[in-house]
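Got a structure here, written out as structure tokens. Questions coming.
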Amino acid sequence: GAALTAPLAARASEGDANILQNPAWTTSLGQPVAARPYGMPSQYESQLLRRESPGLARVGGASVSFAPLQGLFGIITPSGLHFERHHQGWHDIDPSKHRLMVNGSDDSLLKKAKVYTLDELMRLPSASRIHFIECGANTGLEWGNVAVPTVQYTHGMLSCSEFTGVPLKYLLDDCGVDYKKARYVLAEGADGSSMTRTIPMEMVESGEVMVAYGQNGEMLRPENGYPLRLVVPGVQGVSWVKWLRRIEVGDQPYATKDEAVHYIDLLPNGLHRQYSSVQEAKSVITTPSGGQTLLDHGFYNVSGLAWSGRGKIKQVDVSFDGGINWQTARLEGPIQNKALTRFNINWVWDGKPAILQSRAMDETGYVQPTYGQLRKVRGTKSIYHNNAIQSWKIIESGEVSNVQVL
Amino acid sequence: GAALTAPLAARASEGDANILQNPAWTTSLGQPVAARPYGMPSQYESQLLRRESPGLARVGGASVSFAPLQGLFGIITPSGLHFERHHQGWHDIDPSKHRLMVNGSDDSLLKKAKVYTLDELMRLPSASRIHFIECGANTGLEWGNVAVPTVQYTHGMLSCSEFTGVPLKYLLDDCGVDYKKARYVLAEGADGSSMTRTIPMEMVESGEVMVAYGQNGEMLRPENGYPLRLVVPGVQGVSWVKWLRRIEVGDQPYATKDEAVHYIDLLPNGLHRQYSSVQEAKSVITTPSGGQTLLDHGFYNVSGLAWSGRGKIKQVDVSFDGGINWQTARLEGPIQNKALTRFNINWVWDGKPAILQSRAMDETGYVQPTYGQLRKVRGTKSIYHNNAIQSWKIIESGEVSNVQVL
Amino acid sequence: FDNFKGVGRPATPAEVKAWDIDVRPDFKGLPKGSGSVDQGQELFEAKCASCHGTFGESNEVFTPLVGGTTKDDMKTGRVKGLSSGELPQRTTFTKVATISTVFDYIQRAMPWTAPKSLKPDEVYAILAYMLNLSEMVPADFVLSDKNIAEVQKLLPNRNGMTTDHGMWPGAPAKKGGIGNGGVPDTANKACMKNCKQEVQIGSTLPEYARTAHGELAEQNRSFGPVRGTRTLGPEAA
Amino acid sequence: FDNFKGVGRPATPAEVKAWDIDVRPDFKGLPKGSGSVDQGQELFEAKCASCHGTFGESNEVFTPLVGGTTKDDMKTGRVKGLSSGELPQRTTFTKVATISTVFDYIQRAMPWTAPKSLKPDEVYAILAYMLNLSEMVPADFVLSDKNIAEVQKLLPNRNGMTTDHGMWPGAPAKKGGIGNGGVPDTANKACMKNCKQEVQIGSTLPEYARTAHGELAEQNRSFGPVRGTRTLGPEAA
């Protein structure tokens, strides 16, 4: 509409008043350095916040807040906007009182159970790696049909950070774990829920699983597990146990509440899949996306995110006609193992209706499925692991909305 | 000392009270999601802040605040701790009133001068890349002799972020710039100083120079140029003009105040180097570093940062004996063009005095120089571009301090 | 490096005992103790009912704990409502296949505001009451570490789990692992041109859902390539 | 893509005029106008002296603007104090090689609290006063767009710059660029073993510098592999 594009046009024949008269910030002295010893975003960014989806959970302590993907750039999620999922609320734990214990379900599985302080853990060989974390229930609201309006609510249980920590394998080695017998790891948190999940020893042995204390250059945020969380690259977020206080090696999986009652995927035949962990390749266009309105016809950079729990993203294709024809998008590098990958593609909107989709392919050759393909196997009540191709419909007014293409 | 290590040891024969009695956070309900719609670090992180160096500048509006490298991990600098350098203070600019103009020193250098709004710029093809930014004056206090106690003050005019924006070349192409004639670019800010710097067209043509709006996933912070700053990878920070409002293409360099009176390097012969821009390969150990004290003998992960304005870091070597013998450190990947690279190396401290050094090599084969080598050419009054090897001396008490090895 | 000199210390037996409270499906970790349905009812009413309802049926704070299971399910070990689609909602006992899970979770996490406050006997009693509510044990039942394995054999959905899928890494079940070795469910192709005849829309956003998440215009920047769509108030389309 | 349809618009001449205020070494961009030393003194005392001192000599808010240059420097175009080491501090006029720089900067940025408030004639007058303070022009001098190129020829450090270094990219000067083509100053080697006989310490942290930056114990975490060294207070070493 004309009202929306007014600021784009010159306001008088002479030119734009914002140019002809110098603005206040160009004609005055600003604020000193360290005015904010720890900085915050601009006051004009206050609309991008993590938000709950009304009606999703009954209590805030066992709920989700979604990251505002519709306004984020690149692959690093600002830590202040990292999605949250707690089961018994979050605490700001005193690191000087926090301990990490490593023990065995049986004494025969390791040489000695040990206790580590933060002082000690932070002396060990550290690694820093960029990884995505996605809740297994991300996009879960949409298994049956379109349910929520924006990418914040469809895909916002997704974040990506640079994590720093100690590969868990070093700790298990230090305790003399018998890897032949101990094929499972129980990770336990220090919050009220003492969240527990079984982690496959294969992933620990690969060196990828980390006991992390750093996130995006600083310590983990309290909401994300300060001072320690497990990082299990490629695996759903619930396994990335926050406020990590104990690691037990065992010879059987543990069937904890969040792998025996939740985070189990209901199939059409009434069976539930247990220990479903890996997040398969997925992608979503974030700009433009549901609940947004394009200001004008013409050129647009269409931008989105792709990721895979099985490794690197190899290719992302974008369709503007609901999946009939596809074009390969540019990937912003470097493309990393089990990390978000930002893709961009040029587009000129001619003002006619369009349906935008993105389709990720990972290094195993796996291609993100359509809703039709996925529902054929998994039905519509799976709750978890919905990685179907997302569609955004654009109508003449420029309004973008959430639709599902089969 | 024993007092410091007390928390490490079991407090009674039974065990640690922090384990034997569950802490409060394990026996209570925590805070709900979105308690903080935009999150902040833990209350226990309050000691890591950006700080001024007393006596360095007379007024806060034309000063520096240093990033606390001594406590940072990985390569991403938390945006709240990004170093600051302002010349006339910082403003929180209203993006709806901000404009970017592209013009020529002469009408013949381009087809048309143009004006862009944020609405428009953010529609253009975007790139996201991780780059370091280092002030040309970083480590400048140390040209003559050791002057400051910690790595925050020796090297803290250094940060690294994922930047998202439009390659400047696209804008110049859009204005029909004549690249044969226009070999220089003037970048101008919208703050009181209207900071100006000359940028080499070679770097714009390479596609690396960006008009950035995004930093670490969100918009730039006000202190870092919200809503637009120039990103000039590999070049000293003063060229990364903040609050960018104008780009002029020209056939001569501009000799602006901050390239004709400051950011010029005094040589022993009395000449100043003008237009010194590229930051040569450099590195520093951040843990342990000056002003810290080791708690105990034994194993340590020695960690630091390396970077080069000429491309990727190829190798980092670390010495524990003041540069007589060296070992190659592990590099955390992926190693990126003109980005910080985190290195780590194992070390067992036997309690004897030691001098720790790191030495970066970049993909051109250039090796970071010693103080002796650098001073031979540049003397001691250069102020800018001190990339000498940093030394940290550790004495029996565990105290680490800043020394210079020639 | 063969050791991390000076880092970490052995855990004492008392420390391991204090924290190693997990209970596995094979009941490793199960504390000794017992509790009756009656005791459990009293405890449940005092400590649990406010959130979960007197009969574990409440939907107020969380999905119901009990309900939706039948005598027949107890025989087959498969909750029929899960496949027939007749189940109004999936309660805890319609899903759980391992009774250890419920014991373990109550012991570590409930009551929600006072986790780890229950003694083993109390957990046994509360669980006995929940089993009675689920019609798995009679009103005079006393649950204990001795007979919990028998109860496991009655769990309505005990045969309701499968690990035959590609989302657990490592070897497939036939080679000692528990998954299918990583084989995914779907095999989409990266077709590029004329990939289908027509676009079949399966679902569009219902009007109530468009406005149920607040004013979308206020959940986007007020500048940039797009605006948040105005969904509430007089200006809304 | 050959064009970005719908993005950007031509700048109007008035807009370019409003923002394109830079002045280059060849005086491209210099506005017409003039101002006398006398006028300049009045303006300087009113608008500049509070920070820079009546004679541009103050060190209070910033390094001095004038001082440190000699009649001889004006002849050679090289400020001798820069190489002799006799200069107590580097004032603006000991360094600047292009008078355009000073005009441009005052016009865009000064006075500090009211940048861009000066008209061209005022900038000429103030600069005339500063040149007079630097003993480059007489007390009755009137600086203008017409004679500023003559003043350039008197700048004490006009020959004091070199671009013969490796820190500007592109072709070397002999091939049309302005730098040396990227050749660095030093050529250290990645020697790994027995690289020197002894460690020569050039400098250590002076005691006053150890405590001049506040309590270092409070500038580090209170946990982790190290502690900040306690430098102040009774517990300090």
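Residue numbering begins at 1 within each chain, and the chains themselves are lettered A, B, C and D in the order written.
Please note the rule applied: a contact is a pair of C-beta atoms (placed from the backbone, for glycine too) under 8 Å apart; a residue touches a chain by one contact, two chains touch by 3 or more.
Model, not experiment: these values are computed from the prediction.
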Message: What's the minimum number of touch steps needed to get from subunit C to subunit D?
response: 2
Message: Comparing the two chain pairs, does B-C have more C-beta contacts than B-D, or is it the other way round?
response: B-D
Query: Centre to centre, by mean C-alpha position, how many angstrom separate subunit A and subunit C?
result: 21
Message: Counting only Cα atoms for the centres, state how far subunit A is from subunit D in Å.
response: 46
Shared-contact residues (touching 2 or more other chains) in subunit A: 8, 10, 16, 19, 26-29, 44-45, 48-49, 51, 59, 61, 71, 88, 95-96, 101, 115, 117, 119-120, 122-125, 192, 194, 219, 227, 245, 295, 298-301, 346
- request: Pull out every residue in subunit C that's touching 2 or more other chains.
  value: 1, 3-4, 6-7, 9, 11, 15, 19, 112, 115-116, 221-225
- request: Report the topology of the inter-chain touch graph, choosing from line, ring, star, complete and other.
  value: other
Message: Going by the touch definition at the top, which pairs of chains touch each other?
response: A-B, A-C, A-D, B-C, B-D
- request: Could you pull out which subunit A residues touch subunit B in their complex?
  value: 7-8, 10, 16, 18-19, 23-45, 48-52, 59-61, 63-65, 71-82, 84-86, 88-99, 101, 115, 117, 119-120, 122-129, 162-164, 190-192, 194, 213-214, 216-219, 221-223, 226-227, 243, 245, 295, 298-301, 303, 330, 332-334, 336, 342, 344, 346
Statement: Interface with subunit C, subunit B side, in the complex: residues 8-10, 13-16, 19-22, 26-29, 95-96, 117-119, 122-123, 219, 227, 296-299, 346, 348
Statement: Per the touch rule, the subunit C residues reaching subunit A in their complex are 1, 3-4, 6-11, 15-16, 19-20, 22, 24-26, 28-29, 60-62, 78-80, 82-84, 90, 92, 95-98, 100-102, 104-105, 108-109, 112, 115-116, 157, 160-170, 178-179, 182, 184-196, 199-206, 209-210, 212-214, 216, 218-229, 231, 237
Message: Could you list, by residue number, the parts of subunit D that touch subunit A in their complex?
response: 1, 3-7, 9, 11-12, 14-15, 18-19, 112-117, 221-225
